[in-house]
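Listed next: structures, encoded as C-alpha cells.
Paired with chain B in one complex and with chain C in the other, chain A is shared by the two complexes that follow.
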Partner chain A sequence: MATSAETRFSLNGFERRSLVVAFVAVQALVFAGTYTIGRPTWYAFFMIGSAAVTAYALDGDGFTVALATMGSVLMVALALPLFLFVSRQVPSLVVEQALDSGVHRVLYLGVYGPLLAAVASLIFGVPLAHLLSKGFPGQPLVESLVDLPLVVPHSVAGIIILFGFGSGGAFPSISVLGSMIGMVLAMAFVSAPYAVNATREAFESIDDRLEYASRIHGASRWETFRRITGPLAVRGMVTGGVLAWARAVSEFGAVAVVAYSVSFFYPFAGEKVTAQHAPVFVYNTYLQGGLEQSGAVAFLLLAVSGVIFLIVRYLTTDTTTTGGVV
Partner chain B sequence: MTQREETPSWLQEQKEHWKQAVRGRSRRDVLKGIGAAGLTGLAGCSGGGGDGSDATATATATATETEGSMDSGGEATDTPTETSTPEPEVSGSMTIFHAGSLAPPFSEAEPAFEEEYGVDVTREAQGSVASTQKITQQGRSADVLGTSDFRLIRDRVLPDFGDWYCIFTTNSMSIQYREDSPGADEISADNWWEILTRDDVTIGHSDPAVDPGGYRAVMTQQLGMMDFDGSSLYDEETYNQLRENSTVPTGTETNLEGQLESGELDYVFYYQSISASSGLPYVDLQPEVDLSQATSEYAQHYAQAEVETDSGTFVGAPIAYGMTVPSVANNPEAGAAWIEYFGSDAGRSVLEDLGLVPVDPIVVPESGQDAVPDRVMNVASAQSNLGPLEL
Partner chain C sequence: MSLHADVSATFSADGAESFHVDAEIEVEHGESLVILGPSGSGKTLLLETVAGFHPHDGPVTLDGERVSDTPPEKRDFGFVFQDYALFPHMTVRDNVDFGSRYHDDTRDPDDLLAELGVAGLTDRYPPTLSGGEKQRVALARALAVRPEVMLLDEPLAALDVPTRQSLRDDLADVLADATAVYVTHNRTTARALADRIVIMNDGKVVQSGTPEEIFHRPESPMVARFTGSNVIDLDDAPSLRSALDVGSDDVVTIRPESVIFGDDGDVRGTVERVVREDATNRVTVSVDRATVEAFVERAPAVGDEVWLTLPESDIHVCRMAAAV
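Moving on, here comes the complex of A and B:
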C-alpha cells in the first residue's frame, strides 16, 4: 500500500498541473450541463462523488477518501451558491457596469480602503500579537478586548466609532463622518482581530529555541525579530492581513453608518472624488435598479477580490517558509 | 416633554386638512360610485359575522366608522349594515414588511392586534424601497406591505404583485437637533433657515436616491424659497447655503439619530413622527414646507419642488403612507385584518400617539376597489384622488 501511494504521489509538476486542469474542466462542464437543464442539485452530488473518486484514484487509502468526501460537502456549501450566482449574471449588464467610471471608483475605494485598514491593523497588530504570544500580566483582558469587536453587531460598531471619534468623542478635531479616516477606523474596528489573531498563532508556532540561539550568537532583540521570528511568522502576518482585508471589503453595517459616501483622492482622475464603499454601493444599486444590476456589481467585486486572493496566495505559497514576500 | 404638549395643535390642524380633502372628493365621487361600492359594502360587511371573538371589536370599529361618516355628511361609500356573508376566520401567523418610520406605531399596535385577532405577527422594518423590493425583486412573501410613500406601491407593486392599496396615514417633515447644536438656543420655526445656513453647521438627511425621507428633506429645503401666498421664507442664496451645509451620511433615516447624538451632525431633517418620539428637541416646520397638507392649494405649492437623483426625478407631494396586501401573501385575510385595524379607532389612536396623522377614513383607489378585501372596504372610502394626489 505504501509503495503504491508513493508512486501515485510521485506525479511530476507537469502531470500535477494537467490533472488539476482536467479536473476543473470536468467540473465546469458538468456544472454547465446540470445548470442548463435546471438540475443544479445533481451537480452537488457529482461534486461530492467526483472528489471521492479522485481521492481514491490518487490515494487508495480509505482515510483520504473519507477526508475528501467530508471536505467536498463543505465545498458544495461554499462553492455551489457562488457558482449559481456567477451563472445567473447577465453578461451585457456585467460589461456595462465594468465600463462605468462610477463603478471603477467604487471598486478602487473597495480595494484601497480595506488595504489601508489591513495595513494599519498589521502595523499595530503585529507588535501586539508578538506580545500576546509571549504572555504578560493581564493578558486575558487584552485578549478579550481584541476579540470583542467580533461580537458587536456591525451597525452598532459604526455608532461606537462615531461616538468614540466623532465631534463629541475623544478626538473632536478628526472628522470621521463621511471621511476616509472614518471609513478606515470602522473597517479596522471590525477586521483588526483577524490580523492580530492570525499573526499571534504564527508567532506561537515558532520554536523558542530559535530565538535563544539567535540571542546567544549575539543578535539584539530587534535583529532577532528582523531576521528570525519576523520572517518565520510572515505567512501568519500575510494570512492575517488578507483576512482583515477581506473582512473590511465585505463590511456593510459599520461603514454605512460612519462613511456612507466617502470623498477620497482618486489617482486616475487626479482629484478628490466621492464614492461609496462597494457593499454600500451594491445595496444602493439594488434599491435603485434591482437584483440583476446589483448582482453585476457584486460579481465584479467578487472577481476583483478573487484575483487579489489568487495573487496573494501565489506570492506566499511559491516561496519557502521564510518568505520572499518581505 | 415640552415638545409633546404642542402635539395636539398641529395634529388637529392636519387632521382637519385631511378630513376636508377626503370629504371634498367623496361628495362628488361617491354618488357616482355608490351603486357598486354600496354592493361591495353590503356583501362584505364584517360587522356581526360568525367569527367568534373578534366580532364585537369589529362591530365597534364599524359603528364608530358610521359616526365618522355621518359627521362628514354621510357621503362615505361604506355603509355598514347587517352582514350577509360571514368574514373568513383570521388565524395563524403573518408577516409585515414596512418602512422604518412605521416601526413605532406598528410595534405599539402589534400586541393589541395579536390579542384581538389571534394572529402571530412578524415584522421586518427596513427602508420603504427595500421593503417593496423584497416582494418585487427577491420573490419574498408578506401579508402586509407598508411604505412611507403610497406611490411606491402604486408604481412598483401594482399590477404584478397586488391589485389595490390604501392610504392610511400622513406625516410631516421636521428638524431635530441636540441641546448643544450650534445655535440651538436661538432656533425656532421663524428663523431655522438663518441658523442652519451658518458656516459651522452640519445638516444631515438620508439619501434622496434610495429613501423617500431623503428626497422629502431636499423638497422641504427647496420649498422655503418658493413663493407661497405671495412670500417665501428665504431666497435662493439661502437655499444654496442650506444645500452646502447638508450632507448625506446615510441611506435610510434610521442612522441619523445616532449620528446627530454623536455630535457629527448638528441638525437632521426627518419625519415629525421620529422627532416627536425621540427625547431630543425639534422644530415643527411651516405647513408650506413640511409636506403635511393635502389641500390642493398646498399640493400645487409642494409640486414646485423637484429633486433629481440617480434613480429618477421626484416631484413634491403631500406625504401619504400606503399599505397593501400583496397578491403573494400567504395569509391575506390576516393582512386585510391588519389594515382594517389601522382603519379603526384603536389603530388611529396608536398612529396619533406616535406623532403620525391618520387619514380618516382610510382611502382606497376607486379604480381598484373591486379587489379591495371586504373587511378593508368596510372602513375605507373609495376615491379617484385624494385632494390633489392621483390615486
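Moving on, here comes the complex of A and C:
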C-alpha cells in the first residue's frame, strides 16, 4: 500500500469518502446511460478506463495504474453481470414471486436449514477449534480432515454423505436421503470448516498468559474457558457461525444430491410442508420456467444473501463489539 | 511458607531447537528470591513450571508438601506477569476480584487498589491504562487471593524508568514480609529486592547466594560479567599480575565501584571511553591488553594516563576452569 508520502494528494477522511461517493455516482450514471441505449459493453470499457485514470490522478505511478487497470478487468467480470442481472429484472415478476407462498417456504427453508447447520457446526466445531489452537499429536491429520470439504466438489460431498450415512452406512436407523437431517448434514459438511477455522483463529489470538493468569488465581480449566477464553473468542465464534451459515445458504451440489426436497415444519402454515433448498429451487425453476422466471426467484435469494453478506462484513471488520479486544 | 522446586522440563517450538530447563530453587518463609539471568536463560520458563503451567519432572513442594501434580489453581500462588496479562474484557475491579469466587479469604479490591495508589481506576478497562497502572492492577490481582507464595515475572521490564523506580519501591514494601520468587534480567532490581539471588544461564542455575556473594564473589566470569563486575584475565594484564598475588591461570573480578582513581596506585592505564551515567561517569581504562571499568565523579579525558588502585579486599579470584 502506498504511504501518504507516495501519493499525489493527501486526502483526509471526509475527502476520501467524498471521492468514493463521487466515483460510485459517476459509475452508476454511466452504467444507467449505456444500459438505456443498449450498449452495456461501453460501460465495461468505461469502468476499466475510469479506474486507470483515477489511479493515475491519485498516485501518478505507472505501476499503480497497471495494477488498477488489471484489477478493474476482474471487477468488470464480477460486477457487470450483477448490475445487468438487477437491471434486467421484471418488477412485476419479482413481486409475483415475492407474494408466492411456495417461494416463501423456499426462502424460509433457505435460511432456517443453513442456520441449523451453522449452529451444529459451532456446537461441535468450537471444542475442536479450541483443541486445534492448543495443538495435539496427529493435529495435521485432523486439520486435513477439517479442510477437506473446502476442496472436495460438493456433489461428491453429497455422494460421500450418502455412502457414510445413507442406506447401508453408519446409523442405518437415521434417514438422511430427502430428509431435513440429511440436508443439515450436507450443509454442515461443506460449511463446518469455516466455523472451525474462524473460531480457531480467535482462540489462537488470545495470549496464553491470560489463561495462566486465570488458572493461577483459582479458576479451573472450564472456568477459564467460561470466563476468559470463551468471551474473548466470542467474536470469532460468531463470525465463524455466520460464515458457515452464509456458505450453507449458497450450497447447491451436496444438498441436491442428499436432500433434493425435504419435509419440514413451517410455522407460518402451522403444519409440515415440502420444499426445496433455495439454490436447488432456483435451478429447478430455470430448467422448467426459463431465465426470466428463475431470475425473479434468484433476485429474492440474492437479497437474502445480501443481508447475510452485510452481517458478515460487519462482524469481520467492526472491532467495537468487543471493545477492540479480539 | 517455604517453597522448594527441583524441576526438569523440555520446551520445543516449531522450527527451533528444544530448550531444557533443569534447575533447583529454594525459598524460605518470608524470603524474596530473585532469579537473575540474561534473556533466553530459561528463568521465565522455570517460574512458569513452578507455577504448574508446564509439565515437568521433579518435585515442587510447599512446606514439604508435594504439589507437583496439583493444577495451578490449587497451588496457592499469586503471579504477576511481565506483560500484565490483565483480562481486557473486565473492569479493573473485576480483574482484582477475579479470584474471590475461588478463594474463601480474599482482600477487598477497592482497599487493595487504594493501597497501591490506583483507587480511581476501578471502573476502567485495562486497554485504557498506562503500563504502570496496569502493573499495579496486576499486582493487586495477585495479592487479592492472599497467596502463600508470590511469583513475579519481570514485572518492571516494560515500564519507563521513573515508573519502574516508583513501582520498585512499592514492590519492596509489598515483598518485605512475603515469600516471593522474582524473575528479572535487571541487576539493579535484583539487588534492590533480593534476600537471595539465583543466577541462571542456559536453563541451569550457575550460582546462588546472597546479593553480597553474587555481586562481590562471582563463581564464574559469566556471573561476574552479568552482574557488572570487571573480569580481568591476568594473561592480558601482566602489570596487574605483578601487583597482585594470585595464581598463574586465574582471572580476577572486581566491582567497578571498588576501583579507585588517583595520582598513584597499583597499575597505570589509558582512558579509552567515558560515559556519563546519572550522577557519575563510567570510565573504561585499558591496562596492557585488558580493560578495567570504574566509576568516577570527575570525568577524565579520553587518552589521559591514570593510576588505578584495586583494593585487595575487593578482588575476587575465579578459576579459569569456571570460565563459562
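General observations
Definition applied: the second predicted complex is superposed on the first by the 226 of 326 C-alpha atoms of A that agree within 3 Å, B and C clash if a C-alpha of one lies under 4 Å from a C-alpha of the other, contacts with A are read in each partner's own complex, and residues count from 1 in each chain.
By our rule, a residue touches a chain if its C-beta (ideal position, glycine included) is under 8 Å from a C-beta of that chain, and two chains touch if they have at least 3 such contacts.
Only a predicted model underlies this, so the values are computations on that prediction, with no experimental measurement involved.
With the two structures aligned on chain A, chain B fits next to chain C without clashing. By the touch criterion stated above, A:168 is placed in contact with chain B alone, chain C being left untouched. Of the two partner chains, neither chain B nor chain C is touched by A:60. When both complexes are overlaid on chain A, the residue A:49 reaches neither chain B nor chain C.
Using the contact criterion defined above for the overlaid structures, shared-chain residue A:218 touches chain C, although it does not reach chain B.
Once chain A of one complex is fitted onto chain A of the other, the partner contacts of A:228 are limited to chain C, with no touch recorded for chain B.
Legend: residue contacts after superposition of the two complexes on their common chain; A:71 is shown touching neither chain B nor chain C.
In the superposed model, A:280 makes contact with chain B only, not with chain C.
Of all Cα pairs spanning chain B and chain C in the superposition, the closest are 44 Å apart. Once the two complexes are overlaid on chain A, none of the chain A residues touched by chain B in the first is touched by chain C in the second. Only residues 127, 129-130, 133, 137-138, 207, 209-210, 247-251, 255, 258-259, 261-265, 310-311 of chain B touch chain A when the two sit together in their complex. Listing the residues of chain A that touch chain B in their complex gives 155, 158-159, 162-163, 166-169, 172, 175-178, 256-257, 260-261, 280, 283-284, 286-291.
By the touch rule above, chain C contacts chain A in their complex via residues 48, 51-53, 71-73, 75, 77-79, 81, 83, 85-89, 98-99, 101-103, 125, 127, 141-142, 144-145, 151.
Contact residues of chain A toward chain C in the complex are 207, 209-210, 212-221, 223, 227-228, 231-232, 322-325.
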